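Heads up, the next two complexes both have subunit A, just with different partners, subunit B and then subunit C.
This part shows the complex of A and B:
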């Protein structure tokens, strides 16, 4: 099939899809006229039941915690799968990142990038940690904060060399941390069974006041471990890609 | 305009699919897949929006304030995580495809496969 024919087939098919889509739109309640009722119910009872003032986190780590467990294992499986896909093939070896051209020297990291990256590493860790630990109170949580924390490792990479990053966070260590984060989520869920509650039920004390950091029981705890898992997963993903830049094929 | 956000959804979906169908580079194709997926974010948040309502975070507003649907926002979060995972895995496959075939053009890849 030539590109021209394929485009024609696609445009015809897409026109039909869009026609059905627009037809379907006519029956929708319209933007801004939310029909409910689940969101309204959760907004009304969520704080009283979970002591979390961030209802999205309450949905993620309590009401829909089972789905989030699956979602976390998707991330876990993807990071692990990357390790399998990007394994060292035969006739590949690793070498330090020197310039391949003989008549040029390795340019190295510029001082401006180095200073900027070092300056922002600390604040990035603080912001990421804040987002992870306050997911039950304000917008945020383990997933969002974990990505920010992983950015701190990217900053370390920018400030130095990939080999320096490998020393601080070797892939096996990041793999282990990732596994601990993912397993802890499941263990929290199973330990609820031990006290006679349902899987992933919020069995911990909910704290005195909704809106305080120590409130919301397992929501805060799960958010913490998800943060660890996401941080490690993104460090693994980034490291796997960076490792590819070191690989030279032997011919 | 009451259905404008949903038309935006259709538009993002259509341009993303068009990009996938006409792509000549695997990395471009993966980015187009991310565009397709981002149409679902707009759809989810659009479905849960309530006119004049606040975000479902009650740390600094009265509990009785009308708020938009938190369930679709949680679903959008799931969506983002899955997209990140899928993109990472596909980019890894693209790296290996380039190593093996020396090209990232889907047309050439097909010819190499025979």
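This part shows the complex of A and C:
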């Protein structure tokens, strides 16, 4: 296949995709013109039913908690799979390559990056926990807070403290935390069966006032466990990638 | 040709996102491409925020602008080491 033919096939394909895309775009309702009844109903009754002032969290961790459980296990399976694949490769490399880059010197971390990373690590942890624990009252929740917490670990690495990172987040610990977070979500769902409610029904006391941190029953609790699961999953993935990159340097 | 209900801020950020995506594709040098990808991730977060989806914007901010570029950079470092 000559480059000219290849380009022709590409352009024809792209024209078809573009036409299909534009056709779909034309049928979309305009921004701010929501057509369906479901969102309106939730906006009307959501706060009264769940005491969560962030309806997005109410949908994620109560009305459609079943879907979120599936999503969480997607992340869990992805992190586990990545761990399995990369671990195998690491074994191979440790035997074969001892030091490939003996002549190269480590450029080191610049002072500016180090200071910025150390300065922002603490505030990042605080913001992360705030987002995890306030998912039921304001935008955020376990997933968003969890990834923010995970960036705190990335900052420690950026500060050039790989050994400190290894010390505070050993992979077996992160694995265990991830498993506990994922399992707790399912256990909370199953516990509802014990008191005669449906799977993942919001059976805990809702608190006396919507908009307070201790309100919204299982929404807050599930959000917390999703938070630690997501943090641990990202730490596991990042650690595996780091090991892959740094394994030679450590020898 | 802004659709009805779109504010000037939303139109501006839509244009910036389109420009950012084009820049990521046109940059041919991988490590610079990763930095552009991070900027593009940040722009997308602003876009989600401007379209009243703060929950999604928060995830995009950390995943798209920080974690994804870090994973790409680590992969690039690994690939480069193997090439030497």
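Assume the second predicted complex is superposed on the first by the 203 of 251 C-alpha atoms of A that agree within 3 Å, B and C clash if a C-alpha of one lies under 4 Å from a C-alpha of the other, contacts with A are read in each partner's own complex, and residues count from 1 in each chain.
As a convention for this text, a residue touches a chain if its C-beta (ideal position, glycine included) is under 8 Å from a C-beta of that chain, and two chains touch if they have at least 3 such contacts.
What you see is a predicted model, and the numbers here were worked out from it, not measured in a lab.
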item	value
Touched partner set for A:68, first subunit B, second subunit C, both or neither	first
First (subunit B), second (subunit C), both or neither touched by A:208	neither
Which superposed partner A:154 touches (first subunit B, second subunit C, both, neither)	second
Of subunit B and subunit C, the chain that contacts the larger number of subunit A residues	B
First (subunit B), second (subunit C), both or neither touched by A:18	first
Which of subunit B and subunit C A:241 touches, first, second, both or neither	both
Subunit B versus subunit C as contact partner of A:42, first or second or both or neither	first
Partner chain in contact with A:85 - subunit B first, subunit C second, else both or neither	first
Which of subunit B and subunit C A:131 touches, first, second, both or neither	second
Common interface positions of subunit A, toward subunit B and toward subunit C	30-33, 54, 56, 139, 141, 143-144, 234, 237, 241, 244
Residues of subunit C defined as touching subunit A within the complex	3-6, 10, 51, 54-55, 58-59, 62-63, 66-67, 70-71, 74-75, 77-78, 81, 84
Parts of subunit A lying in touch with subunit B, wherever the complex brings them together	3, 6-7, 10, 14, 18, 21-22, 25, 28, 30-34, 36, 38-40, 42-43, 46-47, 53-56, 58-60, 64, 67-68, 71-72, 74-75, 77-79, 81-82, 85-86, 89, 137-139, 141, 143-144, 210-211, 230, 234, 237, 240-241, 244, 249
Residue ranges of subunit B in contact with subunit A within the complex	1-7, 10, 14, 17-18, 21-22, 46-53, 55-59, 63, 66-74, 77-78, 80-82, 84-86, 88-89, 91-93, 95-96, 99, 107
Of subunit A, residues touching subunit C in the complex	30-33, 54, 56-57, 100-101, 131, 139-141, 143-144, 147-148, 150-151, 154, 234, 237-238, 241-242, 244-245, 248
